[in-house]
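Chain nomenclature is as follows: A, B, C, D, E, F, G and H, assigned in order of appearance, with residue numbering initiated at 1 for each chain independently.
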Amino acid sequence: MTAAVAPPRVIASRPELLTDRSTHYCPGCGHGIIHRLLAEVLEELELAPRTIAVAPVGCAVFAYDYLQLDWVEAPHGRAPAVATGIRRVRPDSFVLTYQGDGDLAAIGTAEIIHAAGRGELITAIFVNNGIYGMTGGQMAPTTLLGQRTTSTPTGREAGLAGFPIPMTEMLAILPGVVYAARGSVSDPPHIGKTKAMIKRACKAQVDGAGFAIVEILSNCPVGWGMTAPESMEHLSEVEKVYPLGVLVDRSATPRQPSPPGGS
Amino acid sequence: MTVTVEGTVTAKDASPSKRSRILMKGNEAIAEAAIQAGCDAYFGYPITPQAELLEWMARRMPELGRVFVQAESELGAINMGLGAAATGARVLVSSSSPGFSLMAEAMSYMAGSETPIVVVNVMRGGPGLGSIGPSQSDYFQAVKGHGHGDYKVPVLAPASIGEAVELVATAFELAERYRTPVILLADGILGQAMEPIEPQFRHPPRQVFDWALTGADGRPPRVLRSLHLQPERLEEHNNALQAKFREIAHTEVRWAGEQLDDADLAVVAYGTAARIAHSAVRKARHEGMRVGLFRPITLWPFPEAQLRELASRPTAMLVVELSAGQMVEDVRLAVEGRCPVAFHGRTGGMLPTPDEVLAELRRLAATVRAGGAG
Amino acid sequence: ASDRCKGCELCVAACPYHLLALDRDVVNALGYHPIELHDAPSCTSCAFCARVCPDAVFTVYAPPKREATR
Amino acid sequence: MERSVVFAGFGGQGLLFAGQILARAAITDGLEAFWIPSYGPEMRGGTASCTVIVADEEIGSPVVDRYDAAVVMNPPSLAKFGPRVADGGLLVANASLLGDTSAQRPEIDELRVSCTELAASAGDDKLVSVVALGALVGRLGWVTRDAVIEAIREVVGAKRPEIVEADLQAFEAGFRAGVAPVAA
Amino acid sequence: MTVTVEGTVTAKDASPSKRSRILMKGNEAIAEAAIQAGCDAYFGYPITPQAELLEWMARRMPELGRVFVQAESELGAINMGLGAAATGARVLVSSSSPGFSLMAEAMSYMAGSETPIVVVNVMRGGPGLGSIGPSQSDYFQAVKGHGHGDYKVPVLAPASIGEAVELVATAFELAERYRTPVILLADGILGQAMEPIEPQFRHPPRQVFDWALTGADGRPPRVLRSLHLQPERLEEHNNALQAKFREIAHTEVRWAGEQLDDADLAVVAYGTAARIAHSAVRKARHEGMRVGLFRPITLWPFPEAQLRELASRPTAMLVVELSAGQMVEDVRLAVEGRCPVAFHGRTGGMLPTPDEVLAELRRLAATVRAGGAG
Amino acid sequence: MTAAVAPPRVIASRPELLTDRSTHYCPGCGHGIIHRLLAEVLEELELAPRTIAVAPVGCAVFAYDYLQLDWVEAPHGRAPAVATGIRRVRPDSFVLTYQGDGDLAAIGTAEIIHAAGRGELITAIFVNNGIYGMTGGQMAPTTLLGQRTTSTPTGREAGLAGFPIPMTEMLAILPGVVYAARGSVSDPPHIGKTKAMIKRACKAQVDGAGFAIVEILSNCPVGWGMTAPESMEHLSEVEKVYPLGVLVDRSATPRQPSPPGGS
Amino acid sequence: MERSVVFAGFGGQGLLFAGQILARAAITDGLEAFWIPSYGPEMRGGTASCTVIVADEEIGSPVVDRYDAAVVMNPPSLAKFGPRVADGGLLVANASLLGDTSAQRPEIDELRVSCTELAASAGDDKLVSVVALGALVGRLGWVTRDAVIEAIREVVGAKRPEIVEADLQAFEAGFRAGVAPVAA
Amino acid sequence: ASDRCKGCELCVAACPYHLLALDRDVVNALGYHPIELHDAPSCTSCAFCARVCPDAVFTVYAPPKREATR
């Protein structure tokens, strides 16, 4: 139903940048929230027409069906390398990567670290839901100790499966990284903060400052075996292991614009 | 077009004056040829025996304001290539055997998403870390089963540095005309040797691509992908790809022949092996043997029809490779029993000598006379 | 529009005034009970629901005309 | 005609360079040329070698069964390549390092040159391979002297002009040693 | 030994009582079969449609005090496998097409260093990310050109879950007997389906290895490597490898035949495609057509001689694959023109139906009667 | 020549564990020094008979010709994964990896980080000579800014080739890492300290504490275009970018011995 | 004989489970059985389905041209599989979600079952697929009732003993609906 | 033994008393001028040379018999 009489100012509505089709994501999946935030930020910064986005292998592989942008599909984990290739040959484009935690923190570890190390002018969105959603809920490098997954049926045990990997903390010490922050989609206030982080990370690229990444703690109700609201509440547990906030912000000091063929 | 005359694809014959030629190392000539062909970006990772190609690019590309990135690995290099190529840029990536193996997944992606790119493999001895000596033991990989899934990519095999220069331009043309990765398959000899070449390079004209990712500015968004989750859709896509492959197979076969008209023995060899065969054929002719050389230049599409026709004449064939026997399978497939097919190969970086090949020819001639099959 | 609703109930939990609930009598094309605003007048247009909704189902209009519609 | 020569010795003796000069000279003379090094980690410390083929027709095989000539600058190289010189072929041996060890092959022409001494006299005792190249060219004349001089000026001139003269001197010294009548 | 009788390698025929059988998912049955065969360590990375194999191992291996590691990637998994196998342990690694592509380099290393290991590829539709539907389009990759260099590895292709269980044990036997990687090539159907199987598993006896790395304690040090920098040495090594490959090719061919004795038409198919062919053959026989089924079980070594013999009788062959046509090349190589060879394939995760295959058989029969070649 | 009369106590001599053959390393190459230190430590701790070592792809690929141990050759960069496989199936073995900076910090980034993240009981020797020695002196991720290499002919420029990557610093923040230190071979005192670090890193594994790594700043006279003595002096420059010392030492608190099939 | 049935509906309706019970029952009856799900991301939210083949001889093709029976639990499934039921075949339709939309195929036997209601009456309105399975077995008798009961006890008993009874009740309710005379 | 010496001169730089130098008159099998201890009596057996030598050429004996030999 729509408003009874002539509707007044719209406070919130579906962003234009989103396609009409309903997503294949499970009910309550954070990917949908994050897609919407991206759409809002790209609209507000008017970046969409310049944007070339890199889709991951993961549940978000279909992002190209939902966000009306030019997309290329990267092999699992290689989005930062793919983005490097794009950004280097198109200094005027805005390049965005969107990766899950399996994609970025496991198989793609080398690619993200070296793209960051080179200070590539890329904005990286890192969706940490602590699990491999698409393949059926196996452990990710970010999975919490004790967490049950289909590949840690008795809960993740450090002795067998290692410790959770603080990827963004590792990246933050690299000089090529000008902005690194961690947000969450647990509730409206956090979602608001996260959107601000995404905006900052996009600006960093626009200003030619360097590599920027926003890790977003998200949920996977199906993989976690919880209802959507339960999973959002559980994020407070996750935040204890992965503290929220801005880890580094050097984006104020812009680097000189890239030379042709330069970074 | 199909090149059927010996050497028309080697730079030399186009030479106005032999003196004007310059001495260049194979790896460097390939790199410079790519630059002259308008290569916008190069991505690579050091490995012997192709390191000089990367080093040449490291010096020249920045000079020209173009893109050079030494990637963190071959995986990084080929995926940077994928990204740059997705924007419609002319991209070169190079490596050698072990590094080429690491590019299988991305090659399959690019074949699937129809992304044009040129990849050079300067083959070395295998398997594994093997040796750094010249080899042709990645033929199967390049021509049959590098990545997963049903796909083929054009594979060009130069036999001289001059020809390599020419084929680099051809590779970019094929890549863009058919929206496909193209492999330039060389070996340690071609990479490391120096030969005189014409300082003349070809620059294929630029095309406008309706698929290239440039930002959805005033046009509908574009997506480059290989994922088609619905099998029905993926099958359609595969059928379209197969149709393209058939067209390439029909249109782009390249090969060269030497003294085949009166030959009752033919050596079939490509690349460096073909040069050795060339010398052996020369020696054999001096001995009065009627021997010719059939040299595939495109390994895929393979000059199947041409070989079959050759086989329909009273001939026997000797396949010579720097491998334990790989292209020989395609020769047998083409010939389908119409004539005896013998094989001589060396591996691990070893090269057969012309005398060795000559001896094999004598043996083959004998068996044929004795009516036995190769 | 609510035909895109997947009944995840994130908005239900997010609405400060508990104005939202799934309509158990309806199954939409996606196979879910869609969301329903049962007490429109009480809606403050805080847009919390819109902010949490993964499927961007909501359109929130400003007060005075205090209403949220889908 | 097609002629092949191998240059072999320690890394750092400049053998790959000498081979390239020969190849460039051949081009200047309007001939075909092919240069191939022994590449890779052997170069670490150990020995280095390259093969040069000069011809007046298209060059086929990069490998030769036997060399028409060999330039050996140290004991291991003499041991490895001495036996692979074709009968009637030429062996240029660096007396400075080989002392009087020889290939012991009467059927080949063994030209003993004190490369270090001659290079030193030319002004830089590192240029041993250029001396040997001179001897090779002086003895066999596969390429013209002028072509070699032009090649040296081009290549060395571009990189290290200050030693062009020394290189030319070293070449000349070797050349003279080469044209000298064969020792009995 | 060579299996020449239909089905002797399916668990079912050995069954005392059909009721005693258990219903198991293919991926899980393969995993359990490996455990029962004495698998000491499993390394993997999640990918559809083989995830359940990894998940089964994740639960069972720690229970048994054995090694399970979910690696950071397929590169990690296969190289962990390389390390564990280098100590003489029984190791299983599994993946699906894109992940299998990433294992090419390490497979070449293990073939080169003669390290025994069993690797499962549950094939999905390609190229690229493709689909997750069942496919056989990695045949070329598994059989010809996965990694760089000259090497072959045994490739086993089960057609049922029961047969998969048996072949897992066989795979470990071959791996250890010949010091080689062995590939078990399955597809999404075999991985995802459930069938009754005998709860009987084979445990190949343990051997002592004189090459395994255990620490140089009271014996000379051992080195497992594929590097042989001197081409002469590497060629020797390659010659030894080739000799081994010839022995395997001579000794380890496995295949199954159905109603071939009186057949004047033979369907050649493996794995899931062979099951569809089986149904088609049954239908054809009902129609009175004299049709048989030739089912390769080892894709390498390929039952070349057996097919050639079959071809020497008045037959025509129809090759059916879940691909655009890959094994058909090996069939043609074996047959060398002795009889017509037709092909029918589906790609991208699609499966041909028995009726579809039947139609192809009728068409082939017609052309043959008309004297045309397939 | 040997001592004129019956020789008294030997203060220093060639370790037994080294084979007789002379190495293929260039004159003055630090790999030789580090090999000798390893030989000394393994002899002193009597670990050689239990040791399974993993050789890298790099100039040190031939280490198996010089150190009399069981060796396996890992594909380029994968030594930590290979070592993981070995260690897991042989809880009683001592597992050593030896990697160059190209091997460990470039292509092998994911493998080292995840082996460390899992806290594998491995001792990792990381030879940082700031260059790809074996392939002819190209840039490594560790190459200093401004340093000329065959792939940075005008000197490494951050804008084009990125920043030096502080690998050991990144590893040090992972809980699985119990010992991380950086030494050098610049002169006898430093060589002595480095030996002590190696010993500590080996003990950490013997005690079942966790993953231990020693980064060793080394030289590449050929790749650097210097004489051996010059290259050793140049290490003082390198030490400014890669500070020497122990970054973390948690090895005092041993973890419980790995369960069968455990870490 | 070889018989095939497809179970289709929303994920979470327990269709894959119902199919497995049928397959296990077949084994208990000494028959051959084959179960294959539609796997992968379709399961995300969307629809799920599985095919079960029951036979007294070795089962060949995992794909069937037409189904002998189909169990459709929601509108999309009816649309997709209704037309693929062989003439004379059975369609079990979940009236609770389908209302009175039908396959409109007089040539097949369409059995409409209010699965939700019957499941609720059995004690758990989630067990809709078990009800449908009961109806299928009741109507066609491919497998014995006892075999199904044994299968349920085994499978459910192992994982969630507390709901075994409800499952059995749901099956019985469906079974009765199945054996009931065909509606005119 | 000095036939393993590669003449890198690291020991030359390391010897506190400058007792080591390459023997320019000799070329060893590896093609290098090997190291030579020219003033044995002054050697303190500090073993710096042994510690820096990449090719483990040295054997250092303890004083009194002050000597380092190769």
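FYI, contacts are C-beta pairs under 8 Å (C-beta built on N, C-alpha and C of every residue); 3 or more make two chains touch, one makes a residue touch a chain.
Given the structure is predicted, the values throughout are model-derived calculations rather than measurements.
Engineer: Through how few touching steps can subunit C be joined to subunit F?
Structural biologist: Step count on the best path from subunit C to subunit F: 2.
Engineer: Have a look and report which chain pair racks up the highest count of C-beta pairs in contact.
Structural biologist: Here the largest contact count links B-E.
Engineer: Counting a repeat as over half of the contact pairs in common, which of B-F, A-B or E-F repeats A-E?
Structural biologist: The A-E interface is reproduced by B-F.
Engineer: What whole-Å value do you get for the distance between subunit B and subunit C if each is reduced to the mean of its CA atoms?
Structural biologist: The mean C-alpha positions of subunit B and subunit C differ by 61 Å.
Engineer: From the mean C-alpha coordinate of subunit B to that of subunit G, what's the distance rounded to whole Å?
Structural biologist: Result: the chain centres lie 56 Å from each other.
Engineer: Could you give the separation in Å between the centres of subunit B and subunit F, each centre being the mean of its C-alpha atoms?
Structural biologist: Subunit B and subunit F have C-alpha centres separated by 39 Å.
Engineer: Whole-Å distance, subunit C centre to subunit H centre, using C-alpha means?
Structural biologist: About 85 Å separates the centre of subunit C from that of subunit H.
Engineer: Quick check on subunit B: which residues sit in contact with 2+ other chains?
Structural biologist: 48, 62, 68-69, 72-73, 75, 98, 105, 109, 113, 128-129, 132, 225-227, 229
Engineer: Touching two or more other chains, which residues of subunit F qualify?
Structural biologist: As it turns out, subunit F has residues touching two or more other chains at 25-27, 61, 73, 75, 106-107, 109-110, 113-114, 118, 134, 141, 160-161, 259, 261-262.
Engineer: Multi-chain contacts only, two chains or more: what residues does subunit D have there?
Structural biologist: In subunit D, 40-41, 45-46 touch at least two other chains.
Engineer: State the interface residues of subunit B toward subunit F in the complex, per the touch definition above.
Structural biologist: My answer: residues 45-48, 51, 54-55, 58-59, 62, 68-70, 72-75, 98, 128-129.
Engineer: Under the stated contact criterion, what part of subunit G meets subunit E in this complex?
Structural biologist: It is residues 20, 23-24, 27-28, 30-37, 39-41, 58-65 of subunit G that touch subunit E.
Engineer: List the residues on subunit B that touch subunit A in their complex, please.
Structural biologist: Where subunit B meets subunit A, its residues are 40-41, 43, 61-62, 64-69, 71-73, 75-77, 79-87, 89, 91, 105-106, 109, 113, 213-218, 221-227.
Engineer: Mind pulling up the subunit E residues that touch subunit B in the complex?
Structural biologist: Residue list for subunit E touching subunit B: 97-98, 100-102, 104-105, 108-113, 123, 125-133, 135, 137-151, 225-239, 241-242, 323-326, 329, 332-333, 336-338, 346-350.
Engineer: Which bits of subunit F are touching subunit B when the two form their complex?
Structural biologist: 57, 61, 73, 75-77, 102, 106-107, 109, 132, 134-136, 138-139, 141, 150-154, 160-161
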